[in-house]
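For reference, the structures are reproduced in the following blocks.
Look for subunit A in each of the two complexes below; its partner is subunit B in the first and subunit C in the second.
This part shows the complex of A and B:
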C-alpha cells in the first residue's frame, strides 16, 4: 500500500490529489457501465465495481463518499468513453459492498457508533457512505500495533493526536476520518483494550 | 407387383408427382394382399391422392411404405366391417388379359348394384334379387289424394307408355294416378341424373323391363358389359340408400334422409351388411366364396389389395376414391395440348397451322408490339377454345392453369416495388403447395391429432423444401408468427390455419422426429429452426462475428479502444448480419446473454450487445481455477526438489 500520500483534507473525496490512478481494463469497457441483467454477469460486474471502488478509495485515501458528488467524479464517470454509472446503480454496488462489510451507509438517526451519532447527523442524509478498504477491525489492529510499538500502553492520547499528530506521521491511520477511527477505537473499547473519555471536541483514549 | 415402393419427403410423407393432389389421409390402417395380411404394413397412414394410394408405415416409413397407381386400378369394393372385422376397401388391379376379366367384372357389378338388400347370399351367381324394390323404382310419384310417395312401377317405360298402360293404384289410399303424373315423375328423375348415366340407366330400364323376373341378372350384366369396365364409380340407379340413423330407404338422389333429415354420405356406399357377405375374408361362411374368387383371380392377374381401416374414415376414403377414379386426373399428365394453343415462345405444340403467319420477322418496338399482340391473341384463342365446352376445358386444363399462373406472375412483376419479389415467391410456393393438408382431407373419424400431425408434416416440408428455402432465407430461424403468416399466405387465402392449430401442429414436430424444431425463448417467443441448429452453434457464430469487429475499424470514431473490445451490436445489426428477422435477432442475442457470452450496454443509441469482458463469477469455475493453481504450485515445488523431471 502506498503510504507516501500527502495528507488530503478528509472531506474532499471527489478531488483526487494524487497522480493517476491505474484504472482496470473494465473501466474502459462501455458495457461495464450498464447494469447487467444476467445474474452471473451481474454478480461479476458488482464484484469488479466493488474492487475498483475500494482500490480507488485506497489510492486516494477516501474514507467516505457522497453518492451524488461521486457520481460526477471520474470513479463513476469515464469521460474518455462518455459512459457513467447511474446513481441507482452506484447505490446497488455500494449496497453489495455493504453486505460484504466493505461499506456502510451513514443515515441520520441510525445509531451506528453511539459516540459520534450526533456528528454523523450533520452529513447529508443517506447520501454518505463509508468505504472500508480496511474494515474497522483492521484499523483497530493497526492502532493497537502502533500503540504497542511506540510503547504508549497506559498513556493517554487524544484522538487528534492519533490522526494529525507528529508521532503518527507515516502510519496508515494518519489523516484518517474521525468517525471511522472512532468505530475502530470502539472495537478496542469493547475488547477492553482501551477506554474513551472526555468531551466531544477533545476526546481522549487510554490504552491498556 | 401391384404395390410399389415409394419415396418419402423429409417429413415422411409421400413425395408427389407433378399435378398430384392430396385428397384424403387416414391413419391407423393396415394392408392385405389377397386375403393375407402384409406383416410389415399393419399400422400406417394411407394417403389418397388424385393419382395414387400411398401407404406410409408408422414405424419403418422408409422401408415399408408403398403405393399403387390409380390408373392400374380396375375396380374397388367396399366392406363396411362386421363385428370385430374392421371396414375395408378392396382394390383390384387391372388384369393382364382383358377377356377373362369381363365376366367377373360384370358379375361383380351386378351384385354390387343390388348390394343394398340384406339377404345372405351364398354365392353371387345363384343370388337372385328380392322382388321388393327393384332397381328401377328410383322414380316416385306423389299421390294427389293422400300425398304418399309411390314408387313408379319397374316396368313402366316413359317412352312407350300410353293411356292403356296399366298403372298401379296408390299404395296408401288406392286411388289410381293419372298417366301424366307418373310420366312426369319418371322423366324428371331420369333427367336429374348426369347425362352420361341417364343413357345407361335408361337402357338399363329397357333391358330390365324386357327380361322378366326369372333371369334379370344376365341381361342386366350384359347391359353393364356394354358400358365397359371403368364404370363402377357411376351411381347405379337401383340402389336405395339406407339412412344411417333411422334405416329408412331413401331415394338415391337425396342428400339428406327423408324421414329424419340425417345427412346421407353417398348414394353408392353399400352400407348394410349385405356387402360384407361378399368381400369379407375372415368370417367362415362367405370366405369360401371370396376364396375361390381370389385364388381364381390369382392365376390370371395380380392379387387384390385391401386397405383395412381400423380407425374409421373408410366411408370418406371410399367416396374420395370414387371421385378420383371418375375424374381420372392422371390422364391429364399426358393430355394433348389444347387446340391452337401455339404461343410464340412455346414451340412444343407440334403441327399447328397458324404458326407460320405469326413468325413474320419484325424488329424494334414494332416487333415487340407485334410479339405482344400475337401473344395476347393466342391467349385469347386459348381461353376462348377452353371455355367453348366442358370437354375442351378438361383437355386444355393444363394450358389454362399455366396461363393463369403466368398472369399472376406478370401482375406481381408489374407492381415493381420491394415486395414484388416476395409476392412472386409466395405465389410460386402457393403453387408448389398444392398438397395442402386441410381438415377436410384428413379422416375426421379418428381424432384431431391426425390433422395436427399431418399439418406438422406439411409445415416441415414447407420449411425444408430446398426449392423454396423458407428457412434458409430466414437465416435458419423464423418466428412462429412469421411462419404462420407465410404459410397462410402461401395457401392463397383459402383453407387458412388458425393460430391455435398451427401452434399445436408445431409442437408435434418433436414427437414426429421431423427435421425442424420449435424453440421457445425465455420471453415466450416461439421460433422455428432446423433440428441441427443449437444454441451453442448460434453463440459461436455471434462471437465469431464480434471477434471480427476487433479487426475492422468501426464506421466512425469511437472513444473506446475498439481493437481491445470491438464494438457493441444492436439487434438490427445482428438481423442484417445473419439474415434473421428483428425479433429473432433480439431473442438470439438475449439467449447468448443468458448464456453469459454477451453483455449489454444501454445507452442513447439503444440496447447494444458486447462480448462479455466483465467475466463471470461462476463458483465452479473459480474452484476449478484454484485447484489448477494449487496443482501447478505443487508440481512446481516437486520440480524444485527434483522429485520429478
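This part shows the complex of A and C:
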C-alpha cells in the first residue's frame, strides 16, 4: 500500500517530494514523446501514457495537475534524453483518459466541484485536470467501507476530519484532494448513503 | 584375377563380374540398412528409456530440454510432430508417448502464452518482437516457481503455431524475431530493420549514406515500416527525424534509468 508520507495540502501539484518514481521502459524511448502517426501505434502510445500518468500520480498521490506546470515536470519531460511531451499532446492523452473515466478537466469557473465536468472542457482548454487513479466511485466505496468498519454510520463527520483527521490516518483517502472527495461524497449522497450539510468551509457529512 | 581376357568371352565375363558386384552391393546395402534399422530401433527404445528416466530434468531444465530436443531432431525424430504413424498409432507425438503428455503440453501452453504476448504487444511493435524479449515477457507472466524457459523452447513453441499461418521465427541480421502477422518483410524492409538494431533507430540520411539508396527509396521503406507499426517516429531531434525500433523500448530501461 502507498505509504502515506506526510502529504502536502491537496492543492499542491507536481514536483512532489516522495521517493523517485520508477519510470517504465518506454519513458526512455525517445519516440515515445512524439505523437505517432500510425493509428494503431498511436492508440498503444496513448494507452501507455495513460498508464504511466496514473502510476505516477498514484505514486506521488497527485489528485490534479495543471497542464502548463506538469509539462515541465519530469512526468512529461525526460531531461535525461531531452525529450518532452508537448502540451497539445498531453492534452490529447488526458482527453483519452477522460473518455476512460480516468481524468476530468476542471471547468474554468467550477468552484467547489459538485458539478460534472462537461465533456467539452477538454476542447475549451481547462488547464487543471483531475487524475483518477481511483475513480470517484472507488473513493466513495473506500469512504463507505471506512465508515462501516469504524461503526460511524449515523454519526456526523466533517470533511476536514475525513481527510486530515487522526482517525483516517492510514486510510487511502487521508490527505486527499477536497474536490475529489466531494465528488465521491456526492456519489454517496445520490445513492442515499450520505447527506452533506454545512457551509463552504465547514462541511459535515452524515452517513447512513 | 589373371590377365585381361581376350576374345569374345571377355565381354561375357565382364558382364558377369559386374552383375556379381551389383548383387553383392545390393545385399551389402540391404544388410547395412537392416543393421541401421535395428540400430535405430534400439536407439529409439533407448531414447524412450532415457526420456522416461530423465523426464523430470527434461521438464524442469531448459538447457537439458534443448539438448534433448536437438538430439531428437539429429536422428530425425520430430518430438513435436503430432502424428507419428509407425508408433502405437494413437496419433500422439513422441513427446506425448515418452512423457505422458506433459512436455507436449508444456509447449502448447507456452505457445498459448506466446500468442497472448504477441497479441498484447502487436499494437506497439507491428507484430515483430525480438525472440529474447518475447521469452522475457512470457517468463514474467508465469507463476512463481514455474519452470524457466529458454530461447529454444520459444522457438519450438512458435513452431507448433505454424499451422496458424502467421507465426514464424525470422532472422533479421543477427537477431531472431517472432513474427505474428502474415506479412513477409521485403529485402529492403529487412535491411532497414537490421540497421535499426545497430543504433536503435534509422533516419533517411543514415540509410542513404550507408546503404547507398536514393532518398525516395529510403522514405518508401520507412513509410512502409511505419504503416506496419514497426517503427516509431521521433521528431524531437535536432536534425532530421529518427525512426526507432520499438524493440529498443525493451532494452532501454536498465541503462537509461541510471542516467536520470
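Criterion: the second predicted complex is superposed on the first by the 189 of 208 C-alpha atoms of A that agree within 3 Å, B and C clash if a C-alpha of one lies under 4 Å from a C-alpha of the other, contacts with A are read in each partner's own complex, and residues count from 1 in each chain.
In the analysis below, a residue touches a chain if its C-beta (ideal position, glycine included) is under 8 Å from a C-beta of that chain, and two chains touch if they have at least 3 such contacts.
Keep in mind that what you see is a predicted model, and the values were worked out from it rather than measured.
Taken together through their common subunit A, the two structures put subunit B and subunit C in a clash. By the touch criterion defined above, A:98 lies against neither subunit B nor subunit C after alignment on the C-alpha atoms of chain A. By the touch criterion defined above, A:37 lies against subunit B and subunit C together after alignment on the C-alpha atoms of chain A. In the superposed model, A:58 makes contact with neither subunit B nor subunit C. Of the two partners subunit B and subunit C, it is C that touches the larger number of subunit A residues. By the touch criterion defined above, A:23 reaches subunit C but does not reach subunit B. Once the two complexes are overlaid on the shared chain, A:84 sits against subunit C while remaining clear of subunit B.
When both complexes are aligned on chain A, the segment of subunit C among 44-52, 152-160 or 188-196 whose C-alpha atoms clash with subunit B is 188-196. Once both structures are placed on chain A, subunit A residues 25-26, 28-34, 36-38, 40-41, 43-45, 47-48, 80-83 are touched by subunit B and, in the other complex, by subunit C.
Here subunit A touches subunit B in the complex through residues 25-26, 28-38, 40-41, 43-45, 47-48, 80-83, going by the rule given at the top.
Those residues of subunit C lying in contact with subunit A across their complex are 122-124, 126, 201, 226-227, 229, 232-237, 242-244, 246, 248-250, 252-253, 256-257, 259-260. Those residues of subunit A whose C-beta lies close enough to touch subunit C in the complex are 22-34, 36-38, 40-41, 43-45, 47-48, 74, 78-84. Across the complex, subunit B meets subunit A through its residues 559-561, 564-565, 568, 593-594, 596, 599-603, 608, 610, 612-618.
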